[in-house]
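Data block below; observations after.
Each chain carries a letter (A, B, C and D) given by its place in the written order, and its residues are counted from 1.
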Amino acid sequence: MNTANQRLFNQTNKESKLVEQEVRRDDIGFGTKLTDSHSRLINQDGTFNIVRVNSSLWDRLNVYNRLITMGWIQFLSWLLVFYVTANTLFAEVYMLAGADSLKAADDKVLYSPFWKCFFFSSQTLTTVGYGHISPDSFLTSSIAAFESMMGLLAFALATGLLYGRFSRPMAHIRFSKQAVFAPYLDVNGWMFRIINTRANQLINLEVSVSMSRVEPKSDGALSRKYYNLSLERNKVSFFPTNWTLVHPITEHSPLYGCTPEDLEQSDTEFLVSVQALDDTFMQNVHTRFSYRYNEVKWAQKFRPMFDGSEQTPVRLDLDKLDETEEAPLN
Amino acid sequence: MNTANQRLFNQTNKESKLVEQEVRRDDIGFGTKLTDSHSRLINQDGTFNIVRVNSSLWDRLNVYNRLITMGWIQFLSWLLVFYVTANTLFAEVYMLAGADSLKAADDKVLYSPFWKCFFFSSQTLTTVGYGHISPDSFLTSSIAAFESMMGLLAFALATGLLYGRFSRPMAHIRFSKQAVFAPYLDVNGWMFRIINTRANQLINLEVSVSMSRVEPKSDGALSRKYYNLSLERNKVSFFPTNWTLVHPITEHSPLYGCTPEDLEQSDTEFLVSVQALDDTFMQNVHTRFSYRYNEVKWAQKFRPMFDGSEQTPVRLDLDKLDETEEAPLN
Amino acid sequence: MNTANQRLFNQTNKESKLVEQEVRRDDIGFGTKLTDSHSRLINQDGTFNIVRVNSSLWDRLNVYNRLITMGWIQFLSWLLVFYVTANTLFAEVYMLAGADSLKAADDKVLYSPFWKCFFFSSQTLTTVGYGHISPDSFLTSSIAAFESMMGLLAFALATGLLYGRFSRPMAHIRFSKQAVFAPYLDVNGWMFRIINTRANQLINLEVSVSMSRVEPKSDGALSRKYYNLSLERNKVSFFPTNWTLVHPITEHSPLYGCTPEDLEQSDTEFLVSVQALDDTFMQNVHTRFSYRYNEVKWAQKFRPMFDGSEQTPVRLDLDKLDETEEAPLN
Amino acid sequence: MNTANQRLFNQTNKESKLVEQEVRRDDIGFGTKLTDSHSRLINQDGTFNIVRVNSSLWDRLNVYNRLITMGWIQFLSWLLVFYVTANTLFAEVYMLAGADSLKAADDKVLYSPFWKCFFFSSQTLTTVGYGHISPDSFLTSSIAAFESMMGLLAFALATGLLYGRFSRPMAHIRFSKQAVFAPYLDVNGWMFRIINTRANQLINLEVSVSMSRVEPKSDGALSRKYYNLSLERNKVSFFPTNWTLVHPITEHSPLYGCTPEDLEQSDTEFLVSVQALDDTFMQNVHTRFSYRYNEVKWAQKFRPMFDGSEQTPVRLDLDKLDETEEAPLN
């Protein structure tokens, strides 16, 4: 250890103003180094625009998470591939152990030794076990005993994943494709709109919006800064209809006095995070979205989503989510 | 982009009083547009009185949520329908592949080719696989291998749903059918009463009550407003007996000075939301209820639910939940 | 509606001091009516001392909760009873449908028709399906197809319950059998001690203690009152060893100046509630305990639970949990 | 009860300054007695350095927790051992009941009575039930009926555990092997660095750091004290890249003015606790880590983990997590 450093802290750094400033700085977890203006931070599907290198094979595979989040067709295809592969492997093992020692009720021409082993394997793996093919030696009996156990375990994983995917709580929230700058009371506001596309209820919704932009530091170097945008209302108990979220642009807003050009030059991105409780099993759900500067319309306001008819109950038209109309700003 | 709007925010809208007012306004998520006085917002079963149009087929089906929340008879019927349909379909496939290649131990008259295929399918789908009928060609063996895999997956969904329904945490809370205006200490109070109908414990109960009514705005147009009603006590650790929730009507209450006619004309609805922890697995449970103006009794108070006997332990009579008696208001 | 009540609230009940008092009163959910001094509120196993009458059959059965919380022997016995009963019922059905139409490989004397049906049923219900007995008519094939489906569903419930019970998160916290009044710093304290009996970690423990006692109201009638007892420390991040919880008896304590006789006469009960996170799956666990006045020792302090040896790592002797020694009070 | 103690609390211990001090003392749950400087409190794998004696057999086995947390190879070996043992036991039972009453399709030399019973048992336990061996007496039929039921229950536990292990939410957070004392703004800071090694998102991370060290009390006896270290930022919404946690060493820090020798003599240990939400199923995850005095480098700072290339998207090199370079302290 460097003895020259033993003097450490003997200086009287009492209170540090820089530390206090730093503590108050908003940062949602991306840091200040991401100043490349050609890429967005959060993709519109909620994933992050970061690549990991040198992670371990296991971490890169990330098996469980991947099997839960991949598409349904991909998932079912993997199941089928796995099933056929497992049967093929076990069929080869039975072939090695002697296909003759699998006794079939009667041997049609069709039953080539390989396919006999293959179908015996499938009947063992799924524990269907018709018995028209049966193991007839110590070796094949042992392999079959092992395979049926493996089959139970493997299908437990497969069916667990299947049900996990099926029952996974998700916020079926659709965001308006574009955010808008619209007049709001006697000022203007930055707004976007969300709906719950499903009939199952989301309760206790909470929304937070951060704005991220690249700003020059005092030494001229670019640095990414984050601002939490206060919302007119960031929490509701129920979410039965649509909800327009409004950030009022008053003097306190970091957007105060901004022009469209400012947004573009500073590579502005609006990061939205929504948390809620799914009413069915009272599970937390979470979803992310982002609007970049070119996904924000100026001087437009959202049109109502109720279809205007006098019918009861009230009818909410989901197709109108993205509809806006001109509205001169204040 | 409209260059005329580039002047945006150059005006000095410093602090906006309207924005401050709006931020303070209570809103539980319904918005201000629902002023139709012929319908209630929350049905007494806790669902919302809103219809969605133009939602996607998948969102309208909402399969998982629907299968969890439908009645038991409906659920079991769907299972049976699905089982019979799947067997019929696979039976047709085996018929196409040649019913002869399913070898049965012996062919009684009763075994029409279709029913042989049908029962073979059912024995494969459930993996019971007696083997008195067995696949005897490459094609039928392959179909059977596929069907047994499908059977495992499909029954995993069915049994997962079955157990999910069975173990779903629910707040078995019964609300008194009517709320009352009753004398409370030296003022009056708006009250309702709840009980836990089950012996399993609910802990850390939290209740919130919102009142919603239609009020004329300054320009005369009707607008729905929301008020959070403060309760004398909105949180308890345990819930072993009944609990009467009381909103004291002091000067601060939006109900101060109200008459029954006022409630009716303003289409008043009381929205109740209860959250708790089910002690069995420490899961969150949530339930909603609402009282409309015509479900509120005036000058009545709840009668005690203990049966008055001197027995030990204390006996709580659930049938007395709705019992009230006249009580002149203060 | 009583028109005489329309005058409601026209009086000027501005602020009510009684309401303010009532709001500040501690109540953990038992109410003020339970003043019978012969029974405790919370049994030492954490259940409540209340009986419900007139609850519905379904609520009284409370099937799921009961199957989860009953003892293991009882649970497994119910499974066995259910399995034998189901097989007997289906055996009767097969008998009605004609035992002859269940074809057995060969009919030993031993195979009485009933037992043939019974064992066929068990082989169908568990989907083991050897096939040495097989359905040989349309009717029995249909029943078997139905039974195998029922078997899958019923065993899904049984195994779901089994695993639910096995994996149910529980706080394996043992409470000292007695609480003590002991000297604490320069005052005295009411103390009890807890340990985690398992090696799996509980984190973020939070303990709250309420004292309940019967007190005369201003009119002389008895009423049960509740006091939250402040603890010297009510929250810890980790719980690797024992933890002695201390309520310091300063002037602010409702126990200040109490004698053992006071505790007895006022039927004092200390209600303890512990919440924590089980580290294995990060699930919430909760446990309750209570000490009545006769389970509190005076002028005793707990002896250390470390076995005093100089060994590493530190050894915690669980048998010493209840050991106390005389300690004169301050 | 000792009547001499009835005078209890009659003295006027009004406010106790000692009690107030004690209440303010930081303690994360280890107590003050662990002053042995040769052992750490938290092992680097997050377990605690404590041994329990005299716990009950059941508590020591701690079956469920152990089966969930043991290694995969160990777990699968236990499954295999259990499977073979169960089959052996049932095989013995069938032997006792008479191996002859298990009828095999044809008896090859290979089929010794024991192995016939053994393989029949395995085919029953897994419900594969080929049927080429089948029970042919009342006794063996009954045992087989019982075994198939046991098989379903036992495999339900095994597969439940398997899936529980597979789907168990874990914080795949890697900590830098060493913490550092590095210059930070105009003061110095104690720092460590973490990364998420997986692509699945952790959100709402919260980190807390406690420092524990042995200090002499006023009477000279050693006592372990705990300090909560304030962090420049202890909460972020997202965790897509690396995160360097900084405790600024200002006058308020218990590390202010410390030398490496101080840390060693006082057996200083830094305890880190991280909580987060796994985005996949919105489950809480938690992880612990600790740095002892000899795992802290002086006058070193972490090097950036971005690989510096101008590529898009940003590339994070996980191998650089532990890289530090000399940096003279302020």
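We adopt the following convention: a residue touches a chain if its C-beta (ideal position, glycine included) is under 8 Å from a C-beta of that chain, and two chains touch if they have at least 3 such contacts.
Quick caveat: nothing in here was measured; it's all calculated off a predicted structure.
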Relative to subunit A, chain with the most remote C-alpha centre: C
What's the rotation, in steps of 5°, that superposes subunit A's Cα atoms on subunit B? 90
Kindly point out which of B-D, B-C or A-C repeats the C-D interface, defined as over half of the contact pairs being the same residue numbers. B-C
Subunit D and subunit A are one sequence twice: same or different residues at the contact, by the over-half rule? different
Using mean C-alpha positions as chain centres, tell me how far subunit A is from subunit B in Å, no decimals. 26
Computed distance of Cα centres, subunit D from subunit A, in Å: 26
Using CA atom averages as chain centres, what separation in Å is found between subunit B and subunit D? 37
Residues within subunit D bordering two or more other chains: 123, 127-131, 160
If you look only at subunit B, which of its residues touch subunit D in the complex? 127, 129-131
In their shared complex, at which residues does subunit D touch subunit A? 79-80, 83, 87, 105, 108, 110, 115, 119, 122-123, 126-132, 155, 158-160, 162-163, 166-167, 172, 181, 184-188, 197-201, 203, 205, 232-233, 236-241, 243, 248-251, 255-261, 277, 279-282, 298-299, 304, 306-307, 310, 312-319, 328-330
In the complex, subunit A residues that touch subunit D: 1-2, 5-6, 8-11, 13-16, 18-19, 22-23, 27-31, 33-34, 36, 38-39, 47-56, 59-60, 62, 64-65, 68-69, 103, 123-124, 127-131, 134-138, 141-142, 144-145, 148-149, 151-153, 156-157, 160, 164, 168-169, 208, 210, 273, 283-286
